[in-house]
Amino acid sequence: MASDYLPLLILILLAAGFGVIAIGLPALLGPRERNKQKLEPYESGIIPFADARRRFPVKYYLVAMLFLIFDIEVIFLFPWAAVLRDLRLFALLAMVPFFIVLVVGFLYEWKKGALDWD
Amino acid sequence: MDWLQLLVFPAIRALILIFVLLTGFAYLTWYERKLLARFQVRYGPNRAGKFGLLQPAADAVKAFFKEEIIPNHVDKPVYLLAPALALVPALIIWAVIPIAKGTPAIADVGIGFLWILAVAGIESYGIILAGWSSNNNYSLLGALRSSAQMVSYELPLGLFLVSILILAGSFSLVELVEGFRPWWEWIWLWLAFPFFFICILAETNRSPFDLPETENELVAGFQTEYGGMKFALFFIAEYVNMISTSAIMATLFFGGWKGPFADQYIWLGPIYLLIKVVILLFLFIWVRASIGRPRYDQLMKFCWQFMLPLSLVYVSVSAVLAVFLK
Amino acid sequence: MMVETSYYLILAAIIFSIGATGVLLRRNALIIFMCIEMMLNSVNLTLIALARQWGNLEGQIFVFMIMAVAAAEVAVGLAILIANVRHRQSINIDEINLLRW
Amino acid sequence: MEFGDFLKGASEIGKAMGVTLKHLRQKPVTVEFPHEDIPIYPRFRGRHELRRYANGLERCIGCCLCEAACPTEAIYVEAAENDPDAPLSPGERHAKVYELNLLRCVFCGDCEEACPTEAIVLGHDFAMANYERKDFVLTKEQLLNPGMPRVIIRPE
Amino acid sequence: MPLDVAPVFRSYETQRTLNPPGIPALAPLPEGETEDLQRIAGRFRDDFLAAGLHHGNQVVYARPEQLKALATFLRDDSQLQFETLIDVTGVDRSELPLDGGARFQTIYQFRSYSRNQHLTVVTDCRSEAEGNGTSPHVDSLTSIYRGAEWPEREVFDLMGIRFDGHPDPRRILMPKNWPNHPLQKQAPLGGEEVPFTFTWDDPEFDTLGTQILAAESAAPDLPPGMSRQNMVINMGPHHPSTHGVLRLVVELDGERVVSIDPDLGFLHSGFEKTGENKRYKDFVYYTDRMDYLSSMSNNLGYCLTVEQMLGLEIPERAQVIRVIMAEMQRIASHLFWLATHVLDVSGTGMSLLMYATRERERILDLFEMACGARLTVSYIRIGGVWQDLPDAFVAELKDFLRLMPQKISEYEAMVTEAPLWQERLKGVGFVSAEDALAMGLTGPMLRGSGVDWDLRRDRPYSGYEGYTFEVPTRDSGDCYGRFTLRLEEMRQSVRILEQAVDNLPSGLYKSNNRKVALPPRAELDVSMEALIHHFKLMTEGFHVEPGFFYHGIESSKGELGFFIYSDGSAKPYRLHVRGPSFNNLYAIDHISRGEMLSDVVTNIGSIDIVLGEVDR
Amino acid sequence: MSWSLLFFLLVGAVSLAAAFGVVTSRQPVHSALFLLTNFATLAVLYITLDAQFLAAAQVIVYAGGIVILILFVIMLIGGETNDFSAAQRAWSRTVGIALGVILLLVISYSALSRTMATSEETAALLQGGTPKAVGIELFSKYVLPFELIALLLLVALIGALVLGRQQEGAGEGIPSVKANE
Amino acid sequence: MGIEEKVPDGILTTTLDSVINWGRANSTWPLLFGLACCAMEMIATGTARHDIARYGSELFRASPRQADLMIVSGRVSNKMAPVIKRIYDQMLAPKWVIAMGICASAGGPFNNYAIIQGVDKIIPVDVYVPGCPPRPESLLYAMDMLRAKQGRETIGAGRKVEEPLAVEEIMPLGV
């Protein structure tokens, strides 16, 4: 039960601790030679035209959005998969409409060209 | 001694796991460099120590004693957080993998499969934050690309996991390995392996899907502004991920720690697992030596227009098989 | 050994209030969005706490459904936001008037 | 993408992987310099040497032809009359100063071709790296006493 | 950077006083007539100055006012069909007795592929008072031949000639605020004195390594026509996939390329100016360092040009050796292209990179055997080759030739049919035949678009007419077409090599003309005359008749042309190189527009550039 | 104070701090990261509340999906806005804080007015909230909502697609908000 | 300076020095940076025949933040000089420079207006390699020399660094 998860938490904390050490320690160990250019962005040895955080294509939003929706659907499959053995045909049938709607959505996207990346 | 049971033993176990993984990482880099060299008819590292066995140590020493900077144009907290965020998931995904009979690496929880999916889900944070905080055109573009790639391939990956879950009937990886499987199930399972492997390649950003680091158009992608140990952390994350995912694949598809006599002699379990992992790692490197990389849009297209439908079909068929044949 | 349910409820309440304050205080549509998500989550926490209180899984099912709805909401909400930003070049909620849009 | 395409692609990838696997078994072609001497052809043009006759006299007669021939002005020669009692070279003149700036030389071999007495030749030494720029102006002493290059001369 | 250091002259160097007196102000007027020239004369009647043959080239002297009309006529007339403007260059004649003639001239090379004709047009530049001096200018031909854009910019940058109506009159090679136009005769060569021990006291040497110059701190200008609304990124000059120090300013809309502005000159080394200050023989060594992946072809192109101006006969054996070397170089260059192309497209882990370079090493070994150097071979010299082939060479070469086709098949097995490779290359970087001609592309870029043209076959030199080989072409015009084309070219080169080694004649390996080629060493001891020639060649060098000449050869990247303008002295008065990479690179904007960012990398690889030659 | 209470307090404190961070960060990315932390702590609390499956779902959906989406949007519109100054209406701040406090008081009062101790037995009914338990509940009682969720997602998908792709032809990018400030 | 001030002199520092120097010498990652003809030989050094990987140096990094060694392989033009300087500045300490080929070392055959007569005019050079181009083995030899030099370094001693001069002071005309 809940206490099963304590070791996981410990692992997470230790792993994070290692990360912190690995990031912090070399800052003490390594040499320091600072100059102005070192702290400027690298862009092939040229000064960038503008700040990088500017504008990006909407395509990336669509990827994340599609992913989110499908992620939910995958999550819904998990409890279903868990009970498939017990409920058998009923579970299978219950999933059919869900699955069909999912596929319809998928096909719609496809038709709309949301899956074409060029 | 409740607290001993609850806190200290798991902590020791966790420390050992982290240590083993980091050593594994070090020798994986050696393994890869050597193997790649042999694929390319050369020797590879062989001067630091015998057969270059101390090469990873040299790299580590160098990285530790390299200057650390935080450039002015970055978002400092996020810039520092990103490498750690990349590394942690790679280490903790191991927790639920069984390493011997009845023994998970850390804990056998009721949601083993979901743990894998969840940890895979947060893996992309390190990259996306690194790219954003670096405030560098190459980094940002690289980060967007790679995180889009990673989340996309998570879907077929999740669906394949569901299918395996359907067949196994248990959320616990420990039970999955120990459970009995009829032969047709193995065959059906192995059919999925190449596709699962492709998803894993994309998830771990390995060649041929190493677009985020594509040195070609984006210099070093999201890592461009990282140097020294912080860069090394991304490196570690990538390689530990390779080990972790190999272990997962070994567990899901090839019976994990199982092997002759592993039931009687518990200590044989980890050895079998190691052998399987090494073989799978060979596959990773072999692929890297042989196959060119696709373009970003082709990669995404492949995921959404081929892998996803395929995995949907695979889930449905698995469900039908499970209902009617078991 | 078990923590009282009311503690969870209080925690949820505080988070909810923080979220609500944020919605009122901030003008950045994205941050408001995040605050709303946070409020939704505090409700989820309440539901799950109560589900344990009554030993009833229905609360959990409910939360599960809410997650799906929240995802849908986020997808559509952010899409609206993006469309709007394209139009008006602003992310400030005061300048976003849906009726005029 | 059709499944058929995928299969065809997979077989092509398999072919490529076959090629690499074949190479895995081959012996590396690496020559492990500096732990092995490298094979080199006799015509290779490396560090310069000034030669002597068998009797110890310098071949160079200070004619400056090499200096004139050099496309990059890397050679500097200052001639002087030989002391008739203790001549440094046969003939009337010898090179009082003979310097060669290795950091200007393109190793074209024109000096060797120009030299009427075959005094200056390009040897086989390629390990010339050094730390200071001043180390690269070879004086006459250095040119007259070259080290042994670590090479195996291949048959031409 | 002490820029104003006067060039170091040594007493023995050829000086202007050594020039034969009375150099003609103009190169001798051409004589002889051809059909084309008659047709042009018929169209323009007495409006133009002169036309005729000069060193076997058709030459037209045109008035500056006529230039555009002439160019239009050349392109559009159904009997002329000069589809392509191969090269534009200029010459500053201020050190010649001008007799009132214009100081600057521009020289154009036109080519008709369909009719296999070459035409040189020479125009005086108008001059116009500007500021405190005069600035020469002439009409731009960009509206007629698109490919003139870059060569004209180059002429402006280096020579200071303005082109009226040019769409983008920026500097192209030199930094944007460079104070002079380096190829003008009054501009100093620059450089510094070569240090020897007696100069070590020079305080400058103490400061070496400590003169830490601060890097530039201002952002570069946005190239004209680019919008800040889009993402504009720099690729290069330090970038892993621009093959050296090319800088591309890429305007991106998402991942899609809106436009590209290449910024050249990061490797500008002043070859042309240096050439004007070196003896003819010395420049051979410089050509090596231009397109450093095909030194042999560069040597060959330069030597052929000078030899044609000298009217020198090359012995049979030398010709065949030259062909052998040029073809080996073509294979080596293509192998290196293959390796880097694979690296660009597929990443570092890819083994093909290593396999291709392994074979290239074998060729370099052969080069080392014959020439004593691996890359900068300087093997082909004016009058022949440096030394005869060593005895073991032929056997080794035969061995290599036996192996090579098999290796090419191996590469093909790894990539040609591989789905990822095809996806990356097919349909990418398309250039149609018309565009290729208009942009003045040559070599595989031209043949990949279906234009069947190869200088080796169509305007043979060095005895290429005696070999049977095919000129592969592809109609697809994309990167994949060019990729398969180059693989096929390697096969054809193997074929030529096989014929050449089988029929290697015996005889001299360099010309017997003692005025140009060094006498054999054995002669020095016995013949006073030989000794004198030897001294003269090594100090002063040989003289070339006044005049000018353009000659192009087919290097692995396209047409490599040398244009030499001689005033009769021992150094070229003006030396210009038409680098195939320079002109081919012009296409990068055209072929990348609308494609993805990753395709830019593929396209660069597919054009196969070498920056040493682009920037010169 | 029992260990579990201490644990709860620790996690709760982190959660609150994160929630506070979401509201106060100037940089939207920081807000998003605080939000992520908040979600993660809630997942931990779900586990203590015997809702294992939901804890995993929380991480996968919220951390792995929603926050990623939010981050993408931040990167798309580049919004580095300090909007505190932009809050022109001063009253909204006062009202906001006042409302928040009142809300807090009301809810806490109602929650504290009854102590709610849970017995182990009732909790056991949850079976730890494993996927299987949730699944059986879901498929025995809530099949219809389950199907409706699919429809809802379909509608959301179409809606977001249509909204997100508007004027795509007119240039794929979104102008930076920063440029506007 | 970081650790070097805190560690006392003596045996500890010497051992530490030797360990660190060993690490640095055996894991020198070059910057992926080619200028001209010499770059071809530099690439050849990485290929199977010469295999720079034997010394753990095959990881040519494209980003200056991750590289330890700058191999200036070719001629440096006036236009390129500020870029090189900038990239060098952006590399993290400790860093080394090999001037490969005579052009990078002293201008080589290009004694003219376009080329900087030696890259050491803008950045400090550790090892010069003559040759035009140097054979790959020459570069390997230079790497050997560099390793020797690395082995002699102490972490306590800072490397020569001076306040940068303004661009105009050095390059009145350039760029």
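When the chains are written out, they are named A, B, C, D, E, F and G in that same order, and each has its own residue count from 1.
Heads up, the rule we're going with is that contacts are C-beta pairs under 8 Å (C-beta built on N, C-alpha and C of every residue); 3 or more make two chains touch, one makes a residue touch a chain.
Model, not experiment: these values are computed from the prediction.
*Asks:* Tell me the fewest steps from chain C to chain F, where a step is a jump to a chain it touches.
*Replies:* When the steps are counted carefully, the minimum from chain C to chain F is 1.
*Asks:* Find out how few touching-chain steps suffice to connect chain A with chain D.
*Replies:* Shortest path length, in steps: 2.
*Asks:* As a test of whether you follow the contact definition, which chain pair has the most C-beta contact pairs?
*Replies:* C-F
*Asks:* Please work out the Cα centroid separation of chain B and chain G, and write it as a whole number of Å.
*Replies:* Measuring from centre to centre gives 35 Å for this pair.
*Asks:* Find the geometric centre of each of chain E and chain G from their Cα atoms only, then give the gap between the two centres in Å, rounded to an integer.
*Replies:* Whole-Å distance between the two chain centres: 31.
*Asks:* Calculate how many whole Å lie between the centre of chain E and the centre of chain F, each centre taken as the average of the chain's C-alpha atoms.
*Replies:* 64
*Asks:* On a C-alpha centroid basis, what's the spacing between chain A and chain C, in Å?
*Replies:* 20
*Asks:* Multi-chain contacts only, two chains or more: what residues does chain B have there?
*Replies:* Residue numbers touching two or more other chains: 37, 39-43, 65-69, 109-110, 114-115, 117, 121, 132, 137-138, 140, 144, 151, 154, 171, 215, 219, 224-225, 228, 289-291, 296-298, 301, 305.
*Asks:* List, in ascending order, every residue of chain C touching at least 2 other chains.
*Replies:* If we look for residues of chain C contacting two or more partner chains, we find 67-68, 71-72, 74-75, 78-79, 82.
*Asks:* Which residues belonging to chain G are in contact with no fewer than two other chains?
*Replies:* 32, 47-49, 51, 54, 62-65, 83-87, 89, 92-94, 106-107, 109, 111, 118, 120, 132, 135, 155, 161, 164
*Asks:* Using the touch definition from the top, list the residues of chain D that touch chain G in their complex.
*Replies:* Those residues of chain D that touch chain G are 28-34, 38, 71-73, 101-107, 126-133, 136.
*Asks:* In the complex of these two chains, what residues of chain B are touching chain E?
*Replies:* 36, 39-42, 137-138, 141, 207-208, 210, 214-219, 285, 288-298
*Asks:* Which of the residues in chain C come into contact with chain A in the complex?
*Replies:* Chain C residues touching chain A: 67-68, 71-72, 74-75, 78-79, 82.
*Asks:* Provide the residue numbers of chain E that touch chain G in the complex, in ascending order.
*Replies:* 1, 3, 8, 174-175, 177-179, 182, 187-192, 194-195, 208-217, 237-240, 244-245, 265-270, 273-274, 285-286, 288-289, 292-293, 336, 353-354, 357-358, 361, 364, 374-376, 611-612, 615
*Asks:* Which part of chain A faces chain F closely enough to touch in the complex?
*Replies:* It comes out as residues 1-2, 5, 9, 51, 53-69, 71-73, 75-76, 78-83, 86-87, 90-91, 94, 97-98, 101-102, 104-105, 108-109, 112, 114.
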